[in-house]
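Listed after this line are the structures, all set down as structure tokens.
Below are two complexes that have chain A in common, paired first with chain B and then with chain C.
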Partner chain A sequence: MARNLVGFLVLVLAISICEAASIFQPISESHRSAALELFTPTDGSFGSLEETYEALRTFGILGIQKKPHIGTGSCQSVSETLGSSSSTTKDLFFALKVNSILECKIDEAIFQEITSRLKAVVNDGNSLLDFYYSISSLALIKDQNSKVDVLLGDADGIFRSIKALSQSDGRWRYSSSNPESSTYAAGLALEALAGVMSLASSEIDHSLIDTLKNDIVKLFDSIEKYDDGSFYFDEKLVDAREHHGPLSTTSAVIRGLTAFASLTSGTITLSGNKILGLAKFFLGIGIPGNSKDFFNQIDSLACLESNRISVPLILSLPATVLSLTKKDQLKVKVNTVLGSSAPPLTVKLMQAFISGSKDSSVIESQELGFDPENAVHILDVLPKSVDVGNYIFVFEIVLHDSVDKKIYTTGGQTQVPLFVTGVVKIDNAEIAVLDSDLGSIETQKKIDLAGETSVSLSANHLQKLRLSFQLTTPRGKFFKPHQVFLKLRHETEVEHIFVVGNSGKQFEIILDFLGLVEKFFYLSGRYDIQLTVGDAVMENSILRAVGHVELDLPEAPEKAPRPPARPVDPYSRYGPKAEITHIFRAPEKRPPKELSLAFLGLTLLPFVGFFIGLLRIGVNLKNFPTLAVPATFAILFHLGIAAVILLYVLFWLKWDLFTTLKTLGFLGAFLMFVGHRTLSHLASTSAKLKST
Partner chain B sequence: MRSASEHDKVEGFPVHFALNLVLVSSESRSKVLLAMARSTSKDAQALLHSFRSAYAATPTNLKIIDLYVGFAVFTALIQIAYIAIVGSFPFNAFLSGLLSCIGTAVLAVCLRIQVNRENKEFKDLPPERAFADFVLCNLVLHLVIMNFLG
Partner chain C sequence: MPKLALFLILIHFLPFLCTSFSPENPSSRRVLVLLDDLALKSSHSVYFKSLQSRGFELDFKLADDPKIGLQRYGQYLYDGLILFCPTTERFGGSIDLAAILDFVDSGHDLIIAADNNASDLIREIATECGVDFDEDPAAMVIDHTSYAVSETEGDHTLIASDDFIKSNVLLGSEKIEAPVLFQGIGHSLSPANSLVLKVLSASPSAYSANPKSKLSSPPSLTGSAISLVSILQARNNARILISGSLVMFSNRFFRSGVQKAGTPTKHEKSGNEQFLTELSKWVFHERGHLKAVNIQHHKDGEADEPSMYRINDDLVYSVEIYEWSGRSWEPYVADDVQVQFYMMSPYVLKNLSTDKKGRYFTAFKVPDVYGVFQFKVEYQRLGYTSLSLSKQIPVRPYRHNEYERFIPAAYPYYGAAFSMMAGFFIFTAVHLYNK
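Up next, the complex of A and B:
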């Protein structure tokens, strides 16, 4: 029975420590420098009024002095927007936000005009965004100019109309016509309702406020969680128009929640753990990459810093690696999210256990001393029971003042991962060659792994090589490092790696060469010995050449496996290759020019011979038509043939087939016609001759 | 012929008389061969003479065509001699040159066949028409040749 109870308690303890250990750091100098980099003004302004407001608010929270010439440029844009009658409520809202930071000089008349416009929107409004922008603008005017009357007459009615858009799960719709609800809208609605409460001329009905508190509790039921203990809100339905990721959704909810909480006198029943979780979500982002995320982070943290529900206190460690050799002290800081000092409190170190093990704590619960100068809690000396290794330390914050317990939330026990490093002693290092069957030592040499020693041994395949050493932690206990390797490297760069086993403090490896002959590919020769002992918490990890051993192995039989090929030098394989010079085809041997010209002349000879032959035969032109018309045709016929021959010569010299064919078409048609006339005339004359 | 029978007679005698008759036969053989050559040349001369006289009777236009064919073939022969000397490097040029000569020679031969009045097959074809075909085919041939010449 008792054993079951103990087991159950252990289970419960294990579940409660189920949260992963992680460290959150409050806002620091790195955020300030990142802000200056992200929010860089272009041409003296940050862009739109929304971006200007985000930049100015971030600078204000982080305590960065803004440049004066930005102020004048923005003020001008603010007064333009406020004075123009075409500005939307969203523009007015952001202009007033900027004005609240810069305090530009705006005429009262303008405020009056804007107030009347905004009141009209409030009374007629039916969408959440209308309500939000107009009510928030009126609240801002109230702070900036006390003479203008901004109070709302029918505060209850407006409260109810905003409340009407809420859903049963605590989320809000944007308008009555749109059934989609979102958590982001819930944040806006809370802020708007807080604005209504601040602008009400008469007290708002308490029952309405109570229902709103219930809505907030229901909204927090839909909160989501990460393993490291951060809580956040996310949208269930992805709205394509304007997607709000977890960061902007959560910051909207926090703005609304803290605005509402600052105005209610009663308490909202929300666990401090959830507020702390929300703070951890924002701190866990680190330094965001774009200005919008940065603004959301810083603005939400500023809201959480001074909220009326519970202010989260963040426990952080400036150093998570402690060295036993340097006798580092364990230092812990407790701050608010923006890095301001915490109320008087004590930090207790409750437990410390090796991470990943199921052992109990190695230390007893103790308190850390407080150094008021640096505002840091210090544990002077690490207990003797803390050896080198990877630990999880469990802290608890105890507030001194009981009043503070209602204001602040500490989150119970915080787990923090820590490394404790130290120098691990390596001694009694020996290397020996043993005879296999008898186990007797042939050669034994001591190695000094701290200094420079190089042993040279020789062995044959019937012997064994033994390497042994001892590892002791600073506290005198045995230590098993992550890496204990023995590497034997042959002259041909073939390597073999062995893991050195241990029994307690003694690490020993025996290489039996008889069994390793095949693994070594029967390669005899000089093997370099290299020992590696390393661990993350070991300050003196070693990677040392111990010496060499001349191994005499038998000849390789026929079927023995060959050693792997030498690794190719990557530069030779992937480097540039030799340049390829293109070998052009050797041009054909051409005959000498004179020979070709001689033959050209020879080719023309038969043509000359033809003409001479014609003359010898007694060729005459008697049959050439003498009458005018046939004569013309005959001449044209001959000219046509000559033209075609000329066309062919041109074709050979420079034209292409298409132009040639085109011209040939025309010429051919002409030639046909003319030839037909001529030849038919000739035929008719010869026919007349025959008949007569 | 007389020489053949005499040859047979010489072969018919027994061998032991051959030595005496060898000298006699070799002498007579050379005499026989000389006689043969003389008669062959005489026949060839007679053939050539008869051809020349017959050729003189052909009409002039056919003679022109024959001359043209001879000129084309001659040109082809010169081209072949050239390529035998220098090798066939621009082969397409060689081919086009050669084929233009041969092609035009062939067309001229066709023209000769069609124009020859003694050829009964083409009695109804007017020679002008044949000439027009010849010109047209030549033009087409030379277009192709020019294209192939490169």
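Up next, the complex of A and C:
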């Protein structure tokens, strides 16, 4: 849990910039608009009566007129809850609370019946929650209906039985059988006891009240503290049945304490600082995001606003950034926690010192003037001794009326961090290229850092670059800003940053390129020069491109470090790629069809010539066999040759090799046979001729 | 006893309750929120409420709660994790650095918010995501020229930045008018990591240093190299958001007005709510999550997918791409989806045309190179989940009978051969029977 608190502390600290002190703003308009946002009824009601009460109470405290309209529906559920015999004391309690705001019409008989039921619970109750809900309900009935007799006969006895649950350290147990003590329960117990006191028919024993006061003081000993001066209560045990965070615990204690304090005559000795610290705790939260926390915050602040112990006054500054050049006035507001006006008082500026050096005070004890129209305390002109810088101003509130001093608590001195800003003058800005060995100036140029400048220089690795300028505050003093950077950026986006140092009254940097060659990765070329001068209190912080220098550096040796990889531009990395179309192989070049046909004709010419030649020689077929059998064979032989040739034509036209070869096989065998018969017949014929 | 029985029954349903995150339904549903302090729940409630109103179940736990765990019985209990616990040195329960990395490695989403004084643990998680926070624990991002003008905050650590990444899928189609308020630590991105992106960068005059001490050496982070908010989309499409500021998620910053120094316009409301809500939509996969279905290819004029193509075939390729809108799959409309016909290197790379109803198609001729090709769609766009589709298909050359049969240029050869044959036929008759 302690770790969680550290976390919470970090959050609170992060929310309010702080060094030694923080400023707490009282409840303002932003809370009102947030309240309307958080408490929005659905279908005209807020769900449970508890939520309805929280919403109505918050609107009431903040004085919000434009409430969402929820009257009739809520009144109905109030009277239903009160009329029903099965509702628990907790239900009755919240119904009565809602009724106390809405003032619905409830029969007196119902009140009578509830009262008798509640009294029975009170008389034989043994757990703290029973006591709390029933007594608080009775107290509410007392306010709402004067005719019902709600007074408790044995007030002392009930007081004692509640008191019996208390522990020695000021905390309480929920019931006698539960040994764990809780701070939240202490808050409830105090409220219940305050109820008992208001309902008592006779005066409560004074010794009882005195021991209770001691208990309260003991309870406040266990209060916890943040560094910024705010106090809060926290539950020690984490594993309780119903865990309450610091916010609801603190708020329960405050409710109990203020209820009790409003009924006791004597004083309760609590330091005003703690009450103020509690107020600061609630204000430091800002605007909580859930309705329960919001209600707890506003309700507790309302309790603190009107409590009888001491009413905290909050000192706040509308602006903690003051401009010397605009002659801003130092304004201080003092309000109660809910933002209403404070009694007549004077705000004293006790001291002001530069943050970090407490001894050198620039202002000593000055009273602020009061502007009754805007209800602000004003220091008209900042004294001459206040220059730009971070200051801590120490204020004290002095109440005019001595009676008020008893009612209000101001928390002594309040420390507020202030930023005094101004326009810083930039003078004598110069940029020069120096020769290394002689120190003589080769080129020197004046630059105007307030306006646009663009110098172009060139240098080699044996030379130096010098940049110098002066800064003076509005009060004419030498000014040292937080950020004085000289940046050299190469074309390849490699950057080098140098902090410009100050020597006496002037800022000066000398870049000896010979020593920087390695750092520059031996990259020659154009370097853009950029100067950044900035500070939190400097109103004219600048980021200026001064110009560029053309550097001529030696070639990189082999082992020189390489410049770092450039970050890839996300936009180019994800873009679509260029389209690729396949380049098809070009088809082979062919002669035109006419040319092929012409050559076809040419190739047919020898055949024609051969045919004509045969006719011219006068061929005949007289040797053809005349006998029937050889003639048949001869015809078959020549038909066979014709068939083979036809086969080749068919092969060309459509057949494939396999069909062709198969057919050729058959034809071949046939041809061999008939060819042999034909040729042998022809041979025998010619042999006969020769022999004859 | 009945309680035990009920518990046992519920335990059996646990895996079913927790498998809501699936490729068909990619939005994270159950989100574990780890806090340093439960007060954050109310101080940052607007952000949480915007998540809850979009249907996320947020489970708030203290970071050092001894009972927390990301998985049980090998099943992840959550789909997303929000770490709003910058100061936590050690998580409670079974969560540690390795458990968070495993969580991301299994495709779950993560939001990390750091702050100044961020613990080593949070820094280590960020480093694993390719983000290096400034090592100086007291350093904050300071900007003396583009700070948010404020009456009460004068140290210029409250920055108004409007240097957003230009991407509709990350930041929504509506332009963010008001600058975003930032107060916290800066980080740099590792140049070697190509998955991590700067979403909100600092201005050129920004630097990261301790505002309370004098600077003697140049700060390690300067200028627009400083990233204020970064995102990462892992290769498994797990998404991570890393911010250097926790307070930028708070109600106070969401509601606060903003005026950037040097500009006259004062915005009623900072851009934080819009910026962070839109980014959370992206992180939890309500935007930019694509799926591709129904990948088809066939020859022009046919309907069925062939087992292989022949060179020089005309083919038609189509794919349907849908984007998850948080509730349903909507057609994805873009003009830069490309298909590659790929064998060792792309032979064809073509933009796909779309019918604006999710279907992307194109037609092209198969190259005259045979081999085993792939149809590849490598769709990687800023902010979108990457689509990587590939489908293998062989391409064969012409068969012997698929070539051209009668070439006119060869007619003289045919003519010569056939006239020769005719001559031979005549010659045989003449030679045998001439007298």
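As a convention for this text, the second predicted complex is superposed on the first by the 543 of 692 C-alpha atoms of A that agree within 3 Å, B and C clash if a C-alpha of one lies under 4 Å from a C-alpha of the other, contacts with A are read in each partner's own complex, and residues count from 1 in each chain.
Criterion: contacts are C-beta pairs under 8 Å (C-beta built on N, C-alpha and C of every residue); 3 or more make two chains touch, one makes a residue touch a chain.
Not measured: the values here are computed from a predicted model.
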{"item": "Contacts of A:579 with chain B and chain C, given as first, second, both or neither", "value": "second"}
{"item": "More chain A residues in contact [chain B versus chain C]", "value": "C"}
{"item": "Which of chain B and chain C A:554 touches, first, second, both or neither", "value": "neither"}
{"item": "Partner chain(s) touched by A:680 [first = chain B, second = chain C, both, neither]", "value": "first"}
{"item": "Which of chain B and chain C A:498 touches, first, second, both or neither", "value": "second"}
{"item": "Partner chain in contact with A:665 - chain B first, chain C second, else both or neither", "value": "neither"}
{"item": "Touched partner set for A:603, first chain B, second chain C, both or neither", "value": "both"}
{"item": "Which superposed partner A:157 touches (first chain B, second chain C, both, neither)", "value": "neither"}
{"item": "First (chain B), second (chain C), both or neither touched by A:321", "value": "second"}
{"item": "Contacts of A:591 with chain B and chain C, given as first, second, both or neither", "value": "both"}
{"item": "Overlap of chain C and chain B interfaces on chain A (superposed complexes)", "value": "590-591, 596, 599, 602-603, 606-607, 610, 614, 619, 641, 645, 648, 652, 682"}
{"item": "Of all residues in chain C, those that touch chain A in their complex", "value": "35-46, 48-49, 62, 64, 85-87, 115-117, 142-145, 150-157, 165-166, 183, 189, 191-192, 194, 197-198, 204-205, 207, 209, 211-212, 214-219, 222-223, 225, 246-247, 250-252, 255, 312, 336, 338, 340-341, 346-351, 364-365, 367-369, 380-382, 401, 407-426, 428-430, 432-435"}
{"item": "Of all residues in chain A, those that touch chain C in their complex", "value": "3-8, 10-11, 14-15, 17, 19, 23, 30, 34, 245-247, 285-290, 293, 317-321, 390, 418-419, 421, 480, 482-483, 485, 487, 495, 497-499, 530, 532, 534-538, 541-543, 564-568, 570-571, 573-582, 584-585, 590-591, 593, 596-597, 599-604, 606-607, 610-611, 614, 619-624, 634, 638, 641-642, 645, 648-649, 652, 656, 678, 682"}
{"item": "Contact footprint of chain B on chain A as seen in their complex", "value": "588-591, 595-596, 599, 602-603, 605-607, 609-610, 613-614, 617-619, 641, 644-645, 648, 651-652, 657, 660, 664, 668, 675-676, 679-680, 682-683, 686"}
{"item": "Chain B to chain A touching residues, read off their complex", "value": "60, 63-64, 67-68, 70-72, 74-75, 78-79, 81-82, 85-87, 89, 126, 128-129, 131-132, 135, 139, 142-143, 146-147, 149"}
